[in-house]
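Below is one structure; the comments refer to it alone.
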């Protein structure tokens, strides 16, 4: 069975920025229940979602100004997690405090640090600037996945599956046929997988959004920043159109397809997805089409990965996967993830030398 | 994680009296499946709900006169649990018998003894005479709770939660604000928690049932007879109305709110509730209102406690609750329950020194 | 608790023949997920339902000619389980192969061998020739049972339960009242249980299908070929009608009621049922009636056995069944099954000396 270990001491995406507002939002990350909200000054806050008194979920409680009043007995917490009122008495126990999580809003995503708070460095959060940059338009969603984290990492690092699982949407025969190149930056801890297709069919996802009717050159440049952020730099252009010598590329269409892969429990995952584009940026119909199409593609992945999780749950121990060239990206990701697991606080290398 | 040990050698409420009749009733108490019915002479009977032959539930079988004929192969049991007929042969195996539980009907409740039958003493059953006494009218119900027994004990021993969980029904701010006094009778094994509120708002539950429009004096005198019977002696009167020197109290309104807390499995509980009153005893509209209101309040508790059970199921070991003054009643109850657990047949003290 | 061990190195019915066709059929047998289909030349094929690459179920994949193309990344398997194509490269790893199961179609049933393929001998498959023989008409079905295999074996070997569980359909009081004779052929490994009823009531199942209006002689001759095939040779005739001295029996009605009992998981079972008859063979209304009636009877069994499985799941260890004369067939079956379990590859005798 695949390992289900968590990698702590890392930043994970807990929410799209727009999900965190006045209401209390419950979200479990790496098995830790968190309540998220935004204070009156706009700052996102994340507190442990369990009252110190009798465990009641704060997310089921009342927000009063920037405080949370527990819905069971009224224990009241400020934005730092400190308890500032208890029922029936004036003295507040010194230890009455729920843990506060380091939370950072960046590039339209809300990141939370799971691990030792002292080790949280916001500068370590990988960036995806297109998601809220001028000149780009983004559509997004979040699908619940009833499968372990590693299955989605495998899925995204090997896009040959587009040909089989996403035919008619984003897959064409050439994706599976075209070899990839894989590079690992062990210092920066990034996995790069590149597939450059020349003179190939344009899948409906891009044909309808860009208006291209003929054959295309299609680039899929993956950049995976484990454990959470996955960037797919997609370039679509009519066949033969090349970037200019100065690096600008005005005659191509660019999409930045971003996934944030956040473990919820050991066998479930938050599958955040975003599609940013630099074309037709004011065209609501293109936005609607891309949102609907990408959600369909994500749900195809969800159905497949949920099936894999059921296979794993039912199988006896000892199954050995067989890997081929298309898996070099996924295997590299596992190697990096395993190294990160062995460094994290309170965790050694995973028993089977894997991280997913 | 909270302990989930059962306390055997005790009486537990298995049913409201009206639930036990001609039909076979299945009910699990402390993990033991029991079939209940009432014989032609009106006596309630409780037998183990599992045929000795191939385990078929007797509660899914046929009642013929005062006997049960197993619905699978026809093994027939009398009211004592003795097998009196088997299919295909005249000889009945000597050991063919299902256990019969000591069962006592008292105060409109059907109590069952879980433990060594020889130790069952009906005199040890705590009383709640108002439930079927002249001059009183009672409404009642039973809600299934998907949470462990101890969470409901905690809930009922600390009524400060009325302010937060039952606002608009039975809670007002003064409940949480008013200090309690707690007394434990270690010999009789009763926990008393008293809250006496003077000149406070009248919650809708009492305003509409009593007709009082102004401010009230409100008493909440809890009497918990562990493990099962919880009595809340509630007194409501216009502010300043006192009992007479002779102890009579003709100008106040009295409600006897009774809960029977019966573990079903280690993580589910039968939440029996009853509200007896000495006012408007013939007023069907008041009965309807109190039944509906109290059921709503119980369902608010059920939702909260089910949420706590889910929190406990998902959390790693080691959570330490933080207790304050309002918890003295609940902590006293735990202490008594733990003492009872250590005395019961076949059970030592619970590993974490708790009983809930 | 009853043992839930599997008996490997045996043939099991995986499907009715008509279920296996052009489409890919997923079926789990003894915990092993299998994909079944029929090649263009009509041969049934069974392969392990898990791609060697990343575990995707082949049953959720595409069939192309006689091959299966994995729906996730396109690994392609021929009817022998050999991988004949992988994406993105020409070299196919030597070990790329999914296990192929020995599969035999016989008497309108598709049998699969679970165990060491080298030990699979089609001659060992027990026969039920009436199921597709001239002069016979068969109705059939398959019901999922959420209960362990042994509970259905017990059920079918002791038909006294017809009186209680199937009254009004196939049961009459005389079934439970009439003694049985049990014989075990330890060499051929067959359990025989015979019940010969004379001058008894005709249950609706036979009255309406045969047209008999009076009393009958009714034979129930069971032949159980463990682990999977159960034959009930049923003979119905007006009271006093005997077979001719030469063994022919032209004035009686014969039904061959067949069950195939195939473990799906340790606590679920495929309950295949078939009713073949030598009367009214062209009467569609009789076929419809027998199909509907037998399905009702099977669903009554399913409800009862599912209840037993829930009893077993909830009970503490140590329950001892009590057996009487009616159980001699079931106990004999358990003894044979236990002997078979101890011989099978990789399995010793079951810990509790039982097999069911």
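Per-chain residue numbering starts at 1, and chain names A, B and C are given in the order in which the chains are listed.
The working rule: contacts are C-beta pairs under 8 Å (C-beta built on N, C-alpha and C of every residue); 3 or more make two chains touch, one makes a residue touch a chain.
Chains and their UniProt names: A, B, C = Oxidoreductase subunit alpha.
Everything quoted here is computed from the prediction, not taken from an experiment.
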*asked:* Rotating chain A so that its CA atoms sit on those of chain B: what angle is that, to a multiple of 5 degrees?
replied: 120
_Can you check whether chain A and chain C touch via the same residue numbers (shared by over half) or via different ones?_
different
*Which whole number of Å gives the spacing of the CA centres of chain A and chain C?*
48
*Which residues belonging to chain B are in contact with no fewer than two other chains?*
none
*chain C - residues contacting chain A, complex*: 28, 31, 33, 50, 52-57, 60, 62, 69-74, 86-89, 93, 95-96, 265
_In the complex, chain A residues that touch chain C_ = 154, 158, 160-161, 163-165, 176-180, 304, 307-308, 311-312, 314-316, 319, 321-326
